[in-house]
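First the structure, in the form of structure tokens, and then the observations on it.
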Amino acid sequence: MSLETPGVTAVAAAPRRAEERVSRGLWSDAFSRLLRNRPALVGLICITAFIGVAILAPVIAPYGPYEQRTGGRLEAPSAAHLFGTDLLGRDMFSRVLYGAQISLQVGVIAVLMALVMGGLIGALAGGLGGWVDSVLMRVTDVLLAIPGILLAIGIIAWLDRGMLQLMLAIAVTYVPIFARLLRGSILALRESDYVIAAGAVGASRLRLLVRHMLPNALTPLIVQATLILATAIIDIAGLGFLGLGPPDPRTPEWGTMLVDARRFLQTAPHIVFFVGGAIVVSAIGFNLLGDGLRESLDPRLKR
Amino acid sequence: MLKYIVRRLLATIPVLLGLSIVLFAFVHLLPGDPCTAILGQRQTPAACARLRENLGLNDPLYVQYLDYIGGLLRGDFGASVINSKPFFDEFSVRFPGTVELTVAALIFAVGVGIPLGRLAARHAQGWIDGLVTAISLFGISIPVFVLGLVLVLIFGVTLGWLPTQGRIEARAGFEPTTNFLLLDTALAGRWDLFVDVLRHLILPAIALGSIPLAIIARITRASVIEVSNEDYVRTARAKGLTERRVDDRHIMRNAWLPVTTVVGLQVGGLLGGAVLTETVFGWNGVGRWVVDAIGNRDLTIVQSTILVFALIFLIVNLIVDVGYAFLNPRIRYS
Amino acid sequence: MSLLDVRDLIVRFRTADGTIHAVNGVSFELEAGETLGLVGESGCGKSVTNLALMRLLPKPAGRIEGGQVIFDGLDLLTLSEAEMRDLRGKEIAMIFQDPMTSLNPVLTIEEQLVETIRAHRRVSKADARRRAIALLEMVGIPTPEIRLRSFPHQFSGGMRQRVMIAMALALEPKLLVADEPTTALDVTIQAQVLDLLGRLTTEGGTALILITHDLGVVAGMTQRINVMYAGYIVETAPTPELFGHPSHPYTVGLLHSIPKVTQRDDEELIPIEGRPPDMRQAPVGCPFASRCTWRLEVCWTDNPSLRPVQAGARLVTTGPEATHQIACHNPPTAEEATAGRPVRPGFRPAPAPAGRMDELVLLAEGPA
Amino acid sequence: MRPLRKGAVLIGVLVASAACGGASSPSPSAVTSPPADGATPTPPPANQAKAGGTLVVALPGDITRTDPALIDDSNSSYVMQQVMEGLVALAPGSTSEVVPALAESWTLSPDGKTYTFKIRQGVKFHDGTPLDADAVVYNYLRWKSFPTELQDYSYYAGAVFGGYGESSNVASVVAVDPATVAITLKSPSSSFLLAQTLTVFAISSPTALKAGKADNTELDISKVEYAQGGPTAMVGTGPFKFKSWVVGDNVTIEKNPDYWNKDATAYLDAIVFKPVAEEAQRLNGLATGEIDFAQTIAPVDIATIRANSELAVIDRGESCNTMQISINQNYVPVNNLKIREAIASAVNRDYLIETFYAGLAVPADNWMPVNTLYAKPLNLPTYDPERAKQLIAESGETDLTIDFYYPSDVTRPYMPDPKGIFEAITSDLEAVGLTIVPKTETWRPDYLDDEYAGKFEMWLLGWTCDWSGPDNFLKTAFFGYVDGAPSTEFAYRNDELEKTMNDALAATDEATAKALWEKAQDLIRADMPTVPLINSTPPAAARADVMGFVGSGGLNEYFHSVWLDR
């Protein structure tokens, strides 16, 4: 004898309004929420700038990334060279811009690789269960036990330096995170009413997984991927800093540039400042965006 | 409780096994001829034969693996390919440096991160909260090596307040015994050097601790806010307890639980970050050693370092989990 | 002078989504030893009212923006935090809905009981412990010496609520607020717990405010009932009077939406259509208007205040003789109250003005 | 570091031997100087020198072992030359002048085969063991008879002695009397005496060697305590004695108050050598005072150091190195002389010197520095991109793609910033139409191994002299045949050159030697097998109150004369 659920008595009234909600869709709904989230908006702006700069680097940059003697050695910032120049007289502004290209390219591909590998492991583990699950989860445990950067270092030591190796090394360190995340969502979804219902009407296991569970498990994956992009940018720079970055020394990779910049910490501290700043700003962007996405996509956080 | 610990221990075994297989493959399944891959052109027939013998490369793979495991169980972690020194000879000299650094960073991260998180939670949505959120955002977004360089430039080179490299004033000529310099200087009664060691620790610990600090502050804030909204906190207030008592006894006792787990997980990140921090600060630890070893393609050193770091990570998290169980009566009494 | 006198209490919540008008000028009184029921749908402000008088509103969102709460001659809203703390648990105690979550999971029952006692009385731990054992015995927990050392999760739900009651009564408070004390419990346990609660408050002369959405609970337990809707008290009457002569459309609706064991054929089960108003908007007109089948045009624009049902009756605010009051422009007649709908010939609920949601129309036009 | 590579054969007759070393003795003028003075002042008189204090020296890397016979790197050697002494030494500041050390004097038999050393008397090792002929013999026989297991680590002994045991060129080492040692070679080698100045031939206390399992019975080098920094490691006779080695952190040596040479007793109480791999860290450490003396600094930091009145740059005087673009003629198109000439014309050496060497270098006009004995100007091509383009056009080569290597993780005295230099050169080469594929490997072991094995087409490398003589550059470092055939490294075949150089080494009179060495230079110039770029003088830096240091282009520098003005 409960009065507590007026909604139940009002079922008949509900549909129209509910329809309105649904028609706006999960994504546009999330997007509008995202736009109302001020930090996330800042993140979105950072990221848009970052991606824009990466894509438009050839247009914006006043000089080519390899072009030497565009100015003097280790010049301080000026109108001609917004971020100053390095030892070889290369325009640091242009190099930082092109650096965004490298970071974005390596970062995105690495995270996609991790997403695919981790997703596959997670889907198999969560979808099939049983011994497959146990084995795959132990594999992720092993990967998790090795500190990320050491794992990446080890992989590069094993495979030698190279762009592809770099991406792979970064990717592998994130595989367990995605695998666990997807597995977790799938396990939760497996118990959900609609999946059970779909199973009851005879949908195959694969169909259940692909049609019913994956789309619903996607949201946390996207949030996580955004957050991990921030980490990936930092990790790429870290490997570059350790001298394990792209094999071509001229590549304007931020970490590699920092190694050079570091030598002039006293003479030309602005180089460390600008290169480091670029890393920090893009990482902050992805972090803010990731947090914002989480807040706007996670229905539990709806207020 | 005991059952829980045993179950937790048993669960570690397959991970250890997997780890050993991965690391075994790391050296024994190198692409190409192992002699060339490991020794490069230094290979003389004699050196190559020695290497093959040392690694047992002439045996079938499973025998090699069993030998490797057998060696590990006997405490034989292999020797440097470059100078034949047993792994632990040099590791034992370098490891204390890494331990001091990571522990200092962890203390910094926990010691500052938790109060910051509590502060933010208490003033949730206010400007203090915003500031803490900004700090932690910055903390997770700034790489250790960038922060390290900036700290060196400001507090070392420009202001001259703190040393920029190494673990102890070289001039002092202090002869360590255990290489845990804080311990050694204290045991020797050299409190001046003890302070000096602490001063050397400050900048690297801040650089290394910044990411965990940010993460810990975030999780503490979230956890405290979540617990603060729990009914039993309202109950505690309704009983007329002082705010302090509500905070310490009712909120923190519960908020600790997720925080401990996260702190445990930070150990992996700290050990990894130590590699970069030690490079920036010329810190004589395992991290810098392993970077050098990779430069030298001294794969057994890399292999065993990864193994030891992974073991530490597993052990720390085992301890944390047991501690968690101990803190949490729902697990303790089930 | 009454034990508790709440006057024009206004509580708002400032949230990211706007201001929530949780309590909009609530007044009521309570005598020592009296038992008052506070009934309404969830979100109607009944719990908030009581958290407000304990000054335990969630910070920083919840704020008391007006009114007075006089308890035992003290204006609670002007007390310092320390003075208020002294009152909590000692003079006014609370029991919450969910005994599963209202006890701290990492502390033993003993710790939680003893700290309550020692927060207000200078007694030794041993004395406090003896008192705790006596309290557990009082609420009917077997082998209390042993159970003291247990953690909450080692108790059943009913047992936990008994512990909560013991804790609330530990210092023999003058007022006990029980917020949905049995909602989370098994039906079979509910009666036991209610019985215990009733017995102990009566024996100790403790006044009781029983907050519930369950009319069945208040019927047997309380002397007087306040019906709340959207942050207003819409009807107040002694319990028998309220059940006998429900006079507000909402109360009528409530009574008709419950199946009764003694259901007569002419008493059909009529659900209350629609849902409570959006509390983020400052109310215009009667908050119940959009769901009300008795509404007049004026209901859309003017929010009626609480008035005696019998015009000109002497206003008694406490006790079994309290005046029956309602806040309604067009109260149902006794006949309509029995029928559960307007039976006046030709009466149609006034249509909603432009821009106002009309839950009744929605229903009428909705898919049959 | 003396990066003698495997197979680089030291044996050969050096005409410009110690006896007539005056010809090219570099001036030992490098001392610390406050920058304000500008000019290099003379070292202050010894009576002003203050005794005491601890000096912190930053080295580019850690030492590898503590047994002088089992090292082949410059960091170990730099530390050990403060502690250990051989029979003979290079004069401070010199790269070719042999002076007595533990041998008071020596004679060479007329057949050129037997060296007779008069051992200094009254000298005691740091462990109290007296130095006598037996002790010297013990050391020499140990080196001669290193077991196979240790031979990998004793490169110099094998190279200088021409093998081990029976196959060694050293026939016998005998104690004639307690103060006399006679070393007899199977065939004459005039480089033998100069080679004895290398730190690897320092004499250790036999007592310590035996106690430290360094008596050729322990075959596992990791268990040879004398080599692994055990308590009794590095026991020599020098002005400093070994105190401790914390791997990766520091090597500490302290004053030997009982040093036999009372004129060269150390002023300092102790020296702490710290491995500081990063140049930036060395600079920071100097600025904060954590480091007193940096053995090598990046020339680009000179401006910063000069701007700091508390610091001083130390110029090491004359160059004893050459940096070059190495080329392997097994590869197309670099096997084409016109391409090599084009490369030589394409590189802007002045820009490199200005950018990376802060002016402390000169463009190389030879494969050895100008001050080397018999070196003559060769009029190598200077920067002329137009000429380079024209040569490339004339070459007829269609595939102009070149794999070009640089070492990723080191700095060398002749190459302070390999990556930067590589980037600048690459840009120059691309400007004239060559297609460069950038490649990199880590210095040890990959880079040195792979370039030597002939895996590189074109790469950056240089040579710091062991001593200043044409053989050390032209033959040992670069173009001498290995086992009678062109080296796998350069794949450069010129039989006439090989014969000329061998004849020059065998020549008995100076005029012939000069003529032959000049002919050799002309032969090399004609073929342009590699492209020499720069001769540099690697700078050191110190706190301004570090006094009395004498620098040397070959890094044979001794700290007993150093004192602190604080």
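For the reader, a short list of remarks on this structure follows.
Each chain gets a letter, A, B, C and D, in the order it is written, and its residues are counted from 1.
As a convention for this text, a contact is a pair of C-beta atoms (placed from the backbone, for glycine too) under 8 Å apart; a residue touches a chain by one contact, two chains touch by 3 or more.
What you are looking at is a predicted structure, and each value in this text was computed from that prediction instead of being measured.
With steps allowed only between chains in touch, the distance from subunit C over to subunit D comes to 2. Chain nearest the geometric middle of the protein is B, using mean C-alpha positions. Computed centre separation for the pair subunit A/subunit D is 49 angstrom, with centres defined by C-alpha atoms.
One inter-chain figure worth recording: subunit A and subunit B are separated by 24 Å, centre to centre, where each centre is the mean of the chain's CA atoms. Chain centres here are Cα means. That of subunit B falls 40 Å from that of subunit D.
Residue positions of subunit B touching 2 or more other chains, listed in rising order: 152, 157, 279, 295, 297. For subunit C, the set of residues that touch two or more other chains is empty.
Residues of subunit A found to touch two or more other chains are 243, 262, 265-266. Residue ranges on subunit A touching subunit B, taken from their complex, read 39, 134, 138-139, 141-142, 144-151, 153-154, 156-159, 230, 234, 237-238, 241-244, 255, 258, 262, 265-266, 269, 272, 276, 279-280, 283-284, 287-288. Across the complex, subunit B is touched by residues 6, 54, 56, 64-65, 148-149, 152-153, 220-222, 228, 243-244, 246-250, 252, 254, 270, 272, 274, 276-278, 281, 284-285, 287-288, 290-291, 408-409, 442-446, 448-450, 452-453 of subunit D. By the touch rule above, subunit B contacts subunit A in their complex via residues 14-15, 18-19, 22, 26, 30-31, 133, 137-138, 140-146, 149-150, 152-153, 157, 268-269, 271-273, 275-276, 279, 290-291, 294-295, 297, 299, 302, 305-306, 309-310, 313-314. Subunit C makes touch with subunit B in their complex at residues 51, 54, 56, 58, 60, 81, 85-90, 93-94, 96-98, 101-108, 115-116, 119-120, 151, 153-154, 164, 167.
Residue ranges of subunit B in contact with subunit D, taken from their complex: 39-42, 44, 46-47, 50, 79-80, 82-86, 89-90, 93-94, 97, 152, 156-157, 160, 163-167, 169-171, 173, 175-176, 179, 279, 282, 284, 288-289, 295-297.
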